[in-house]
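One chain, chain A, links the two complexes that follow: it is found with chain B in the first and with chain C in the second.
The block that comes next holds the complex of A and B.
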């Protein structure tokens, strides 16, 4: 048997995640985060809230995100959250969450569905005025929303005044990257 | 046009997709209601010039279905509810 050596590629098709300067802003591709969505089953909301609190998983209010010691999370829709965890320790995040929540919640693996770009730098609202129909300047810290960037549905999380996370469809990662790059050139 | 989402507040109408008459929530039981009732449900719609209750989907937002009460003449929106709440209040969505 020949040795099969599989070479993992990032969403942009490279060996290693991309980090690049876009004018005054820095774009970082994040391949080190595991994702799963969590939706309490009917009538099990209290069980889910109790288990999540004990496990250190915040279940933030609508249009908000939260960051814990291990798990991050953001609100997607009524009674559904996206859970983030370090990929190295939680590459099997669904199994991990199933172990916690059992049949109290429906958990869907989401890691390979998305590409994550973190953008950092001063004056990010200026960049996003070009990109998305979402007022980053007035949004509170921790705000999370779904929005559209160049016709692509994305999740946008405002981590702080100088850092924003974008989740876009992994299959359109290069188009999203292109859109971010063009907007940064125009706005720099 | 701005739709005042019950959870997320005012959002641009371009984030939403329009489906049609909110009467779609009241689907008759296909086995007991009879062909006539089901035919009417599938094919017949009122097309009022004035206040209309209609289903909108927040596709580029939280992906919830809404029942929007809209005046089709003036585009004034007088009420927005989660379709889930409307359906449950009518005994649907067990």
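The block that comes next holds the complex of A and C.
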């Protein structure tokens, strides 16, 4: 069926990503980011660092993220980073990264494993004190952490004082969205 | 009723009148009142009945230590039992009822228990309900359970929300009395992130209850000024109505904030209570001290209260608990009550001071060396009997008596890591030991510094030390002038009496006599004393009674109090509602849901879903006219076997395993070999635990020379991943292996049945003929140009594939498969049909993977390779596990095809008695096979493989069934596997 065209849905199950106001904060569902994990093979850390630097991919230190011209990234676990790139230009991000890193790194497609919500607005720490055990107020810009929100494992990335990214498991996107709404309602 | 006992002064807002009801009678109070202060203002002293004897009781305290004034608060679904009237903030429309009485508070028929008090002494249960043994379960326990408890539950669902949250700070200050306020001010001004929490709705602690000045202001005004300044500091978070109930590990404190308890109904979207976890670098415990009474005969009448509480009601709330009062004390602090009340114009009839000598109070009848020896008044105090130093006995007519036996520093939180407080003779009290939880610094009255000056100084010094320790330089503070009276106490633990009862623990009706009886019967250790007498149990946890009980025991044993023992406390400091602990995790929000990629489509089709862990999976999809689940499931199975069926299998765990040593790694975690698997192929794998039992199974595909994709069962997706991480990081860090879960990244569908290939060929871009894509093939393909993966694996025994596309296309994919399958009468099947087909094929699943079964038990013994070492292989070869006559997986069918089988049945030889010694194994999974037209089952049978063809019985004693069965091969369908290789 060569003419078959599969139409994507967002993690929340809609045709288009959701943007909504939650009290003083704005929630934006992001379906426009491709993701892949990058882990240097044993003994290839230097190769990976060199290739990454040349390609404009930062490999930030533990608990941090970085944003480049095309690629963003955050530290996930020892010797593993999540690489972000625009979905439109990198819908097959793994193939793209394999072209750069070859056999120096293990690269795994992660785009659709996650739902991404960006929360923006003033006083985000007030919202997050009901969500996660993460001291957003004192965390530096770019801080990234793995945490739990209402039983759901998540990554948090502090983009700036007024913007935070949450990555949660895609299958529980609706539950995560529900939890964010309830917290915002209580804290608004 | 007017507020007859309201006097001048206090920190209440007299411009705001609030109406409330107690036991159906309407009263009025003011903003700033507690329920107890408002009732006392209205002349109501009787607020409850005691637990055991149903004695009339009123409040003895003005705080959270209250043992007596427990009420049912609010009505309907919001009714809350055992609420302390002394801390309930009054609001307009508040409704409260008394509890533990029948038919009314003033006439309680259960008070008959008091007449029989000689029977209900300590150890009553243990002695009384010994015989006959058979009576315990049927007679005694039901009666005791009916009599137990105080308040009642509404049995309606709580309509309000509860929440949880996380706070972080440099310094948590627990308690906002003089030491806490001074600590918060010092640290706050120095720039520390400070949280100041207090259980009261008005911060200030005892400063609000005393007439003592601080600087050139009243204590209450000074406190209000500091509170205002702290509230203006952006680095200080003020948390009134917040009880820090526990000190946990690593500077973590539990706190409950009563967000809406002071409102008739929570505001929209707001919780009633929030349970906070507070992460702090340091904590200052400024929890103050709790006064203790001096037990004397009939010391429990409404109107008899702690001296500090009596003056707190007067000074803070403008309430005289009685117009004629007396004070009974063994220390100077008790004298303050007399002088404060006298200034307020209350008639102070006498001060009964157990001490001899020293200055006499001016203008008050001060009886030194005297004792209160009895009291009278049916529902409230009317008179006390006093014995003078010379032994003369007189009766004084009073409505209230303030009793002070000294103050116990509130050490509770310092004990939460098992630190035992130490005794100080000069205070006649326990103070915190130096091994309190790391980072927790007790100050002020909680440390035994009982003067206002010492409290202010202790708070400031401790905060300054924290400021320095945390690298914020040296903090400056100015100590305002305040009283610094030394503690002057001569312990007088109880009034000796030969006949009557003197209450130590009023909530549990524990008297001095009970302690004596415990001593007489050799329950002398404090732990035994507690359990034998119930001293210190229930909602107040002995805040006013524990030290007294120990002191009485010390006197009886002739030992000192520290020799007798110490009393320590566990969390929570005060009761925490289960709602607050549960937070949002209740009802449909009890846990998050995971939705499969086909969920939206399946919902549209009216699918029935089943919870599998957090996943919601399609269980079956009823079609029009199908009224019973079996109709749907049978149809799904038959249609799949006849033509083709589609099933969402996304929930199976998928783990990406890469690295140059990925094959070697798999060889070590799987019992069978994977390093030899060709690229583009997959293999069924069996994973064992260290003890040799089967852990999990699934297929793993080799996608490239250094790249594998493992699948796990849905249930074990997380545990297998965790296991692999452990193996990778801890057991074999030298291997070049990287792993990550990809379960959610791919929407995966099984397409099974004779027409599976024809259907899929319409969808995929590549040739998937048997030659191009043989049995157990795996590889990257495309669907309309979109990247996808295809695996030729089967769980049903049919020709089958699993196709995976990026999850965002999962919804489109199920719709495309259904559309493409229309010409083949394709069905979408759920987990029930999946289960039927796997049993028909003889595959093991959850019921057989029970953690006690080996590969050999499952008929998969040959999969355990001896050519290499792997986790669990050696242990799986233990003698008992490899017995020839051990359990083996077999198929089971009823001899009479019309007879159903029962899951959980045990196998018995024909004629054998249904007893454990004749048990030959059990039936693990059972279904009706629409294909075969009768029930079939799998089970573990002793020496099963050799017994194929044998007839025996499947007996289920619980269900009362006894069915004749035949043991058959576990492969009911296509035992040679011709279908799946088609």
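Quick note on the criterion: the second predicted complex is superposed on the first by the 183 of 188 C-alpha atoms of A that agree within 3 Å, B and C clash if a C-alpha of one lies under 4 Å from a C-alpha of the other, contacts with A are read in each partner's own complex, and residues count from 1 in each chain.
Simple rule for what comes next: a contact is a pair of C-beta atoms (placed from the backbone, for glycine too) under 8 Å apart; a residue touches a chain by one contact, two chains touch by 3 or more.
Remember, predicted model here, so these are calculated numbers, not experimental data.
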Can A:62 be said to touch chain B (first), chain C (second), both, or neither? first
With the two structures laid over each other on chain A, which partner does A:18 touch: chain B (first), chain C (second), both, or neither? neither
Determine, under the contact definition given at the top, whether A:114 touches first (chain B), second (chain C), both, or neither. second
First, second, both or neither for A:148, with chain B first and chain C second: first
Between chain B (first) and chain C (second), which does A:171 come into contact with in this model arrangement: first, second, both, or neither? second
Max touched-residue count on chain A (chain B vs chain C) belongs to chain C
Should A:9 be classified as contacting the first partner (chain B), the second (chain C), both, or neither? second
Using the superposition on chain A described above, determine whether A:100 touches chain B (first), chain C (second), both, or neither. neither
So, A:129: does it touch chain B (first), chain C (second), both, or neither? second
Note: overlapping chain A surface for chain B and chain C spans 133
Can you tell me which positions in chain A touch chain C when the two form their complex? 1-11, 13, 31, 37, 39, 41-43, 79-80, 92, 103, 106-114, 129-130, 132-135, 137-138, 150-152, 169-176, 178-179, 182, 185-186, 188
In the complex, go through chain A and note every residue touching chain B. 62-63, 75-78, 133, 145-148, 153
In the complex, go through chain B and note every residue touching chain A. 7-8, 12, 14-15, 59-64, 82, 84
Hey, which residues of chain C end up touching chain A in the complex? 161, 163-168, 193, 269-271, 274, 277, 279, 584-585, 589, 591-596, 599-600, 614-615, 650, 656, 658-661, 706-707, 735-736, 738, 740-747, 762-765, 783-787, 805-813, 816, 820
